[in-house]
Every structure is written in C-alpha cells, then in structure tokens.
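By written order: A, B, C, D and E. Residues from 1 in each chain.
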C-alpha cells in the first residue's frame, strides 16, 4: 500500500501499510552536537533500520503524548538512522530532555531526494549554514560512499560560533581524510582559540571564488543566508538549475494529502523538499 | 520528558493511619513524567529534607511533588530547602493529604484513592511549573507623613528617631491639628498643650524631619519604595528664612477676619500665626483677607517689618520628591450641624456652640482666656445643657456611626464647667454613655459625682425665650418630658473625615468607605496598612477614635514604615501576573479590575510590515501586583497570566482528576 | 429500466438490510447525508453538507498508544456502506478526492479502507439550484463520474442503470421492483448560473499571482472556514493528539487553509499572514493548482460555498473578474 | 434614500479626509448583497440600499487599525452599535472613522423583528428621520421558550444544535465583540480548545464564546445570520443579557463609546445568593 | 438511569487560599469528617477561577464542581470576590440554560473560621450528586467510551 519508487535497488521500506501510522522505535544514542542541537540515533524495537532513506529525505518523528514534526535524516547506518534536531519549540524541547533507551515513533521516508544521479561525474560544492548542514550531510555521506561517481568535493560550512559547529568529528577528523575533498569552515564572529576564517558564509563563499564549470551546488541554511549565497553564486557565474536547496514549511501529514505545505501547485513534502533554484523561481513567491 | 520526584510523608501516623502511603508512592510511579517516588516518616524533618536533597542529586530530578500536610504549613520550609539544590524553589507542588484527606476521612481504601488523585493533580501541575525568581525593587529611605495633627506628629517623630528622613506636610500654617485647640484631655485631665507642644517643638528641631506647612499633596506617582510625590507649597507671602517671628506685623494689621482656629469665636488679623504656640512660629498672610492682595491697598505690614520679610508677589511652589513610604494622618473635622439640625436653631443662636467652640472658650489661650462666657453677651452662663450624639448614631439626619470620643469629652466638658463656674448646673442629654477605656468609667462617675445631671433622651427642640435657651427633651428613663432653661448649649457633634480625603485617596490609590473613612487593609490583621503597598494610615482618618488610640496607631504605622525603610531593597513575590504583549489588544478590561492599580496601558512601538506603529498594551508593575489573578479572567485572550497559576497549569490539574 | 417513485423507500430498505445506507434526509430544517432508517428521502438540491463526511470524517481516530508501554494500535474499522442520492457534482468530488488520497505515491490507509467498502448510487439532477454551476465545470448533471449505479429522475420514477460490478449486485437486489420495459430517458438539464471557463484558465490564474484584483476580491472575506467546510472537494486535515495521562490517541480532523495558524511555523513566520493570501490560495487551488497537477478543476460547481458564505462572496464572480484581466 | 447616501459618500470623498467607505453592492443574485469598499466617486455608483443589505459593515475597520486617511462606514442601527462596541473595547479610534448613519428600515433578517435601535447611536452625518425606539417585548422570547423546558430537554435541545456545529468560526469572525488579537481557540499551547470536531468540543466553544461576549453583545444577530448550520447562537448571548437585565438592571450594549461591561464592574449590594 | 452501587462521584472544588482553603484545613485540624469525593484545587483568590474551568471540569469527566471563596467584604485582595459573585451568577444560569442540573455546580462563601460550614456544604453537595448519578452532559467522548467499557 505504500508504493514508493521500488525500482530503486537500495530502497528498503518497512513502514506499515498505512503511511500515517508511525512505527514505535527506540533512541539508542543521543550525541549533543551543540548547546541547542542534538543528534538522535533511531532503531526499531527489533534492532533494524525503520527504512532506508535516500539523501535529503525526511522523517516524521513523534514523541508519544507531545506531538509530531518533520525532520531531515542526516545519516544512516547498517541498522539505524540519525536525525539532528535543534531546540525551537514544544516538541523539540521535550525531545531534548529525552534519555537514551526511551521510545519514539517514526514514519517515513518522505519527500524527493537530492539528485544523486544527475550530479554523477560532476564536482559538488556543499554549502551549509548552522543546522542547515544536517540535510546536506546525508548527501555528503552518500557521495563519500560512492566516491568514484563524483568529482572534486568541497564542503563550505559556517555557524555563529565554533561551539555551534555541528558534526565536529566529521568536519575535523573524517571528511578531511577523504581524498579530493576540501573542508572550508567559518564562524560569524572572532573567537580566541579559533584561527580559521571569520566571516558570514556568503562573504566567505565569495572569498573562495569557486569555478562554476561542471560544478553542482547544494545549499541549505536559514533563508537569509540562502538569499545572499545565491547572489554570490550567480555573481560567480553559477546557473540557477545547478544550485540545489531544501525548503522548510509547516508539515502535518508528510505524504502530500493534508494540503498544508503547498507553494503554488507543488507540495514541499511530496515534490520537495529538494528544489533547484530554477524550479523555485517558477513557484509563486509565498515562502 | 521532565524528571519528577514524588515524596509521600507518613507524618508519623497522621497520614499513614488512614492513607496507605506505600500504595500512593507506588501509584505515583505510573504518572507521566514521574521517575522516582518514595515515602518517609517525617518529610519536613531535618533527615527528611536531607533525603529529598540527596535524591534530587542522585536521580537528577528537575521538579518535585511532596504529598504531606497543608502547603500553608510547609510550603515555605520546602521552598527554602530547594534553595540549596539545583531545582528552582517554585518547581514544587504540595498535595494536601493530611488536613484535607487523612484527617477528614475514615475509609482507608477511599482515602488512599483520593490521595492518589491529589498526587496526580499535583504532578500534572508541577510538570508545567516554570522556574520563578524573586525580583527586588530599590527602596528610597524617606517617608512622607500627610497631616500635622497629633497622629502625623507622633508618626513622624517615631520614624525620624529610627534614623529615616521624614517630610511632614500640613495643610494649615501650623502643625498641631485639633489637639492644639483643646484645653484638657481625658481621662487624666492633663493640659492638651503640655502634651502636644513639646512634640511639636521636637518636630521643628528634629534633624531628620522636614516640615512643610501650608502645603498640600498635588499628585502621587510610582509605587512602594519609589513614590514620586508632588507637593504644592502654597504662597506664605512671608519669607520664613529671615523672619524671627517677632509678631509686630500681626499686631498692626488693620483687617480683622473670623478666626477658624478659634472656631469663629474671635477675630484674627490677615497676617499672623495660627495661634500663639504655632509651630513654625512664623506668620503667614491669608490671601482672602489681606487688603493689599485683594485690592492693592494697605501693605502696612511690609512697611513695618524690620527685616523686610513680606513679599506680596510670592507664588505657590510645586516640589516633587521621592519617598519610600507614605503615612496618611489627615484627621477629621466636625460635621456641619447647622442645616442638619434646624430644630437646634440651625446656628442662629449664638449660645448654641459645638464641642470645639467650648474647648476654645475654656482654653486659657482662647478668646475668653479660659472664662466660660456666653458668646452672645459675654456673661457667665449658670445653666448649661450638653447634648451628645448630635449627627452621630443618627442615620436619617447625620451619620450612622458613633464618634467614640464625644461621651468622654462630653463628661470632661461637664467637669470643666462645674469646676470653673461654682454653682453651675450642667444637664447632659445622652442616648448611651460609652466609656470604653482605662479609667474612663471612673472619670464619668466622678463627673456625675461632681453634680453633672445626665438625662437619657434626645433634645427635640431648642428655642429662645426672654434671653434663655429652652431645651425641650424627654427623660426616657422616667418617661416624662423635660424642659431646661439654659444659658448656653454645647452640642457634641459627630466627627467626619477631613476635607479633600477622597481626592487624596484617589491620588494614593487607596479606598475610602461610603462615609469617607480610609479603608484599612484588614481590621485585625493589618489595621494600619492600606491595600496599596507602601501606604500606611493612622489616627482618625481611619475612623473616629480618641487621642490614646490615635497615638498608639501612629506608633504602629511608624513601625511598619521603619520595617520597610530598614531594607535597602524589597523582594517582590515572583507569583505575579505577566503580560504577553504580542497577544495583548490593549482593551483595558484588566486595568479596572486590579485592586492594587498595578496595571497601566502604555504604547509600545511595534513593526507592522514596513512601518512601526504605536500599539497599546497592558503593563504590570511588579511592585504593586499581589498575585490575586482577577485580571487573568478579565482577559478573554488569556494573555495576562499569574505565574504559578497559569491557565494551562490549572487546566492540566482539572484534566488529571478524572484520568 | 425504471424504479417507480413509490417503490424507492422499499428499494432502500432492501439495501439497508445488508449494509448501512447513507441517504439525503431532512434534519433540523436542512438536507444532510445521514444513515437511512426508513422513511422518505429528500431529493431537492444537493444537501447542506456534501457526502464527503462518509469518506473523510470531520474527526477520525488514527491510532492509540500507551506512552509507558510504547504500544500502538491502529483504528481502521470501515464497514461496507452504500451512498444513495449523490448528485453528479458530489460524485465528481469523490473522484477528485480519490486522486489525492489514493495516488501521488502514497495510499491513505484510512481513506482507502472506506473507499473500497463504498458503493455510490448517483442520482441525476433535474432541478439545479440557483447557485449550481456544475455544467460550467464540465460535469454532466445526469451522468456521474464514479457512480456504481446511475439513476435519473424521470416522469413517475427513476431510470436505473448499473455501471460497475457493485452496481450490478445492487440492481439485482432491486430486480423485483424494476419496470424493465420502460424506455424513459432523462431530459437534458442546464444550470441557470453559467461561467464559460476559457482554455487553460489555470495558467492565466497562476500568472496573476501578483495582480491587484486580489485586494478587492478578498476584501469582504471574513476569514472564516465556512466555504472550506461545506465544500465537497476540500480535503485539508490536521493531525493532533488527544492525551489522557499515559494513554493517547492521534486523530485527524478537518482543517481549513482559511485559518490564521494553518501555515504558521514554529518560529512564528507565516507565509500566508492575512486573509488575502489565504483566499487567493483557496481560489487558485480550486481553479488552478489542482488542474495543473491532476488535469481537472477541483471546483465541481456545487455552489455550496456561494450559498453559505456569510459575506456572500462568489467564486464564479471572482472567475469572471479574473477572466477580464489580461 | 439611496441618493442621499450616495451624496454623503461623494461629499466625504470631496473632503479628502476619507480613504475608503464601506457599503453594500449587488451580486448576481437578486436576494443577496455583498460588502462594497468604495475608494472613489465611480465606485459610489455601485452602492445599493435595499432590504438585502444584511452584512454588517463595521467589523472590517478592525483590519486597518492604522489607516492613513479616515475609514468611512455606512451604518445601520446595529452597525453603529458595533462601532460603539469596538470603540468602547479600545479597538477602534473614533477619530479614524467617518460614520454615515442611515436610519434603517428593517432588513431581510429575523433579528430585525426585535431591533430596538433603527436609528444609529453614533454618526458624523445622519440620513433619514430618527424613529422612536423601544425595546421589543419579543427580545427574550426565544430564551424563555428554552427556559420552559426541563434540564434534560434543554440539554438535548442544545446537544442536537452542537452536533450540527462544524466549527467554521464564522460566528466569531463576524462578531464585533469578538475583537481579540488571537482567539483563545487558536492558542493550542494553552489547551483551552481542542481541535477535534465532536459535540463536547463544540459545546466548549459555544459556551465559552457566549460567556466571552455575553456582557458586551449588541444583539446585531450577525452570528445567527452567518451560521451555515443555523444554530440559535443568539439564545445563548441573550440568555446572558436577560440575566444581566434581571440581576444588574436594564442593559443594552453598544449604545455609547465609553461603556463599561457588566463583568468588569461590581456593586456592593449585588444580589447575594452564594451565602 | 440506574446508579452503579459502588459508584463514587468525582467533585472538583476551587478553594481560595485565604479563606476556604484555611477553613478546610481547620476542618481537618478539628478532625471533622466528610465524604472522600471532593478534591480541592488551591487558587490565590476566587477571582482567579475562570468560569471556563467549570465547563472544562464537566468536559473532562467531573460529576460536580464547587467554587468557594471569602465572604464579600472579607476578600484578602479587597474586591476579588465581588467580581467572582457576578461571574458565577451569570455562568451558573448559563449552565442551567444549557441543561446542567443546578445542583452540580455550587458556589458558596466559606470563611477561614467556618470549618463546620465547609464540612456541611461538602457533605451536602457530595450526597446530592451521589444520588443524581454520573454526569453525562458535556462529557468528552473519551470518558463516555471509558464509561461504556
């Protein structure tokens, strides 16, 4: 009854026949990335992966008795999926007070996913701002796993302060070791003990002056950052259809039924959240 | 989810006898959010509290529920205990399973069931308790006393002696009030001036007291600890800094007007001291009497004054000062009996005088140097009638209440007459004789012993007949009519609040009852405080009383003020209301409902699309709000909420009862 | 074949024996689709509320859970129902809802269970109401899109024509009541209210997103949800929790894009802050977005929003005004 | 009458003080009019004045609290009381409004039968002859009818009504006394009102709204007019008004612009029944 | 409607902290006895009780609700209970207008010293409601279903 695109070989779906009814899972690991961001590693009660999401796909995570909300899946392993959640509202407050071993309910995966196929053979510039790195990281990990399919990788990431950098182990240990992958970090305001760049992401991007030839850009972060980064990218000669981003919208059902997350005739939870900038221009200006 | 600890107290056998505390603790484990629950013999004891504190650390709890006795007993204790832990003292709820459960029920099964319900309700509420912090407001260590009568003087002296600055504001040109007019005071018959003048001199010489006579309160702003009071110092036309009070101007002033101090029995010049022992002993010019000020003629006093203190161009000055506390001691005045009692001559007969007029007659510094003379022909009256309860205890014509002091000063007047006029005949008409104080009854007995005749009944009519005042009355004990041919009649009239008390109460935000007496916070619990924080009261302004009670109240009010001013800052209770300005529509329904006038409507700048606009919202003064919560219900949107009793907390409590 | 008028309640009684029958019945002064318990049905107009409630109830329990035990049970008990007296416009709305709930990559378990158990007996419309304009939206009053049995009012009774297998079984049950010989044909019917919707009207509407007509078209709107809750094709819903201590139930209930907090996000940002954006989104969804996605207008011309709008707004008046804009 | 109103509107526009004027315009249906927002002289042509002008024009001014120019409103008796209501609740400023009062001749609306104020109570210019007003004896007929039932009958009567309610909130959005910035029903975090559509939630909504506006209801009848499911909403608020009448003295709301609602006041010698 | 024999009503009582709650404690101090079905919610003043809480209590399954406060004139916050009086005079009649049995909602003034009055009022209300049986009106479907099991 869930008729996802089953033709994709590594698509595993164990969700029940009714996509609106979640599965009870448990949180097996909670890592505090920053004072207000935590990463939750989730596994079904019988120790399996609830589903195998494609990079950029979302999951509806609900805390029984509190509420339900849509979060991006930032990573997946053999028998778990991970999601990084920032503390912004009632549900996220309750999530941040959880301890390992507590139950949680999950359903998904939802939404389209990053265009892994038509980025094949191209260089990719990943740009993240604050918690925006979470959805991008799913594509970075995918690219690293299929390293041979992709050209040169650049990860450009900035946040308010060094303490606010998420996935520090990836940024400083794992990713620099990957061949032909450069990590560029920046923070908004100077800090002692930080010798890296100090600049807003758009300004930092312009300093780097990437060559647009044969390069795709994956850009996620707060709307204000996306706006200015896009201007810089266009100045550098990137074309809009090569710049990919994810949209944030209020979502309830996650499967394109409840009609809430529409922008024009497109549903962000179904036709998105991943859009190219050119696709976004066709949609009415109602974000 | 948050981590709640539930601690069920045995209270020896008080609770454990009719409530199965173990089962309550067991049931508590199943409530959402509860991660630990246990019982202990005496939760409020030292070891009990230690056990709780230790469990908080061990179990990493962030809120606790204690099922024990009434929160009115140990809420403070447990909050102090929490101060030593990482939990905010206000993330605590107490379920009353003793006074309202174990002590009042017999069936153990049902009592345990109820205890579990009460515990569940407390847990449901504590899950939504937010950490609250007391805020402190600075206190200006200065006090303002309004009214320079004996009440104001005594309060000012006590506060000043405690080392705090006091400003004493008096409407008249001198302090002393009504007591200065009296000759003797009951029951000791010691001379009124001998008690009050030394105190008045102390006031003028006290380093901490600033005296502002001929001044009135213009406006009062701010709140407890931080009042800004604007005082209007009326023009005196005499420069008191230079004037030595020699009195030359007073003797030479050609105009003579009725002297209010002498109750109209004598005249006074346009310039002069209110009375001989006035403090400050310096003259002022009465602008409604002085010919120079009215039509520009005369000005003799200016010419005569050796030091040139007279200045006819003087104007009112407005002074604004900061105060931490305010004492209202505005005293009283006598009722205008003229129109109320036409049957007593309505003021036509010169020899029908009031109690205060009699005091002036019998007073050595009075117009007749103490000789009791008939104002009409200055002859010594032989037969004097005293009528009590004129205007008091008379709801139809005057006031419904008893003015408390007239029985005693009526007896004093009788005593003075018999003392000063040998062979005089005093007939006192009364309804009841009330002598409610130490040695009061004995004083009354002596007066009757001296020969005062007491007739129980009201005088129905007084009329003049060949030089005599015929008082027709009735002796209700002997049930026969009485007619007394009197040379003079003294009416002991009712006390009514001083002029202007309603406007002053409005400025201070305090309440007055329908007669105009200032309403105390609580007759027994807080008799010298008012509903508004930082505003105290003493003396007759609160209700008729005699001098001993007035002085006692003045001391009490002073001690309250000293208690307040001794602290540098005042901790306000954190359980006050808070406004969510984004949802406030500025309708003002809450403003009128606040008994403490703690809510005001103010404009704030709000961005609305491109432009910023002025939006009216409600603002709460933390110092004044006492946390009653009436405003919460006035607000339909629910954007003004009392911290600790927010809408969602009470809703959760209601929901959890029937789970 | 013809079912005589007087045999109608008998026919319905026969069906009511096996499955629960929903039919338009007069209740409290208006016509509503309610469980049929004998008595006569009321076939004037298309009913105050659409039959959408049968497939997409106002409030529907989805699953219950226990927080402590971490258990979860789904509530999806759909009984076989027969929907009688559905006009062509409401039948078309069922087809529109099917596209949303049963396709687009996910099949809604709750809706599909009810939909499979549903048999639709369509009733042709011989007296359209003043506010009806289904013909302008390409709907034939006498031919319903998802009908299992198509009935049309004619002189003295109703023509009966089984369209699907389910329809045949129903008609079989009525075998004894039918007059097989009658060749009566329903007369052609035209709506009094007509708007001629131009070709690819939706493209033009979508380009008019920034046009000034939106200001004065939406000015009189009160921002209530009346039009969305009487509309047969509105399918927006909200998911919420009804928590009682340890147990809780997730339920889905009707929601409306006209409410202020429909798109308000956690941080307070709302892409559609005022009624202008919301009503624009509603009109465009009915006349553009759905067609752009599924090829058919979402508005089936039943006229309920026109009849019930407190401010007497009119989607056809908007459409005509939009057509004048170049 | 229509021409006098049109002239008043034209004069208002000429004065340059008025940004737009709210009135009524015809629709394609003969028996319906819809609110008209006139910005200039030629819009005034579309203005109509007939017995189908049943929409209240007053509450639209609430959406424009900081207008550059004045907002013109054509007021029937009940609309003028609505304006007075919103000014007393400090949601509208009198100086932002230019009020054209029209003495009403009774519209195609059941409430007009018990209307006690055909003449507007507040206006800048008045059109038509003021009529003598008196409170209709039928004012509380509906309430008395319900009061005559037994408690169970009353409950069942209301239970059926609240089974019909579809929670479209039209009654709230049209009511001039419902002028909160954010309605209690939209504040889910506090949890007053659930979102589920069932009888209990509808009853909570119905009663809470009745209590919120009960002591400020101007009896304009718009809530009953707009309710798609024809609930007798006025019987709830009129029950409150009847009680206020009996307990605290004769009350009619929305007659002056400094009106103190009954629940915001107290009186020492109120009736004492809780002793 | 047959009342299950061991059925115990659930009654909610909002008590103002300064008077009625103190009176209730005093009743406890004097070991007065009253039925177990009244559960007290402490509020600073009876003027904090929003009439909407009454509707909420009936919706969430309570069988009776009481609101108790100081006698008018004795209010610790001066004018609190004057407003309470007006609010609940109107809400009581509105509830009765909607079919709630008048005995299910009781509002009484009980001072800090009137322990006996608190016991008597509670006992009387509890017995009345016990005789009336569970309250079906305004009840949320959750409780009606739970009732049905």
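FYI, a residue touches a chain if its C-beta (ideal position, glycine included) is under 8 Å from a C-beta of that chain, and two chains touch if they have at least 3 such contacts.
Here the structure is a predicted model, which is why all the values come from computation and not from measurement.
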- [ ] Going chain by chain, each one touching the next, work out the least steps from subunit A to subunit D.
- [x] 2
TODO: Select, from C-D and B-D, the pair of chains that is joined by more C-beta pairs in contact.
DONE: C-D
- [ ] Sort the other chains by how far their Cα centres are from that of subunit E and give me the top one.
- [x] A
Task: Interchain centroid distance [CA atoms averaged], subunit B/subunit E, Å - done: 36
Task: Whole-Å separation of chain centres (CA-atom averages), subunit B against subunit C - done: 71
Task: Centre distance in Å when subunit A and subunit B are each reduced to the mean of their C-alpha atoms - done: 67
- [ ] Could you put a whole-Å number on the gap between the CA centroids of subunit A and subunit E?
- [x] 53
Task: Shared interface positions of subunit A, touching two or more other chains - done: 65
- [ ] Find every residue in subunit E that makes contact with two or more other chains and list them.
- [x] 51, 56, 79, 83, 87
Open item on the list: At least two partner chains per residue is the criterion; list those residues in subunit D.
Closed with: 182, 189, 192, 198, 263, 265
Open item on the list: Which stretch or stretches of subunit E touch subunit D in the complex?
Closed with: 51-52, 55-56, 59, 71-72, 79, 82-83, 85-91, 93-102, 107-109, 137-141
TODO: Give every residue of subunit B touching subunit E within the complex, in rising order.
DONE: 70-72, 96, 98-101, 103-107, 110-111, 113-114, 117-118, 121, 511, 519, 522, 531, 575, 593, 595-596, 626-630, 632-634, 642, 645, 647, 650-651, 653-655, 657-658
Open item on the list: Give the list of subunit D residues in touch with subunit B in this complex.
Closed with: 65-66, 89-91, 179-184, 187, 189-192, 212, 260-261, 263-265
TODO: Would you pull the subunit D residues touching subunit C in the complex into a rising list?
DONE: 27-29, 32-37, 55, 60, 63, 160, 164, 166-170, 172-174, 182, 186, 194-198, 222, 225-226, 228-230
TODO: Under the touch definition given earlier, write down the residues of subunit B that touch subunit C in their complex.
DONE: 30-32, 120, 655-656, 659
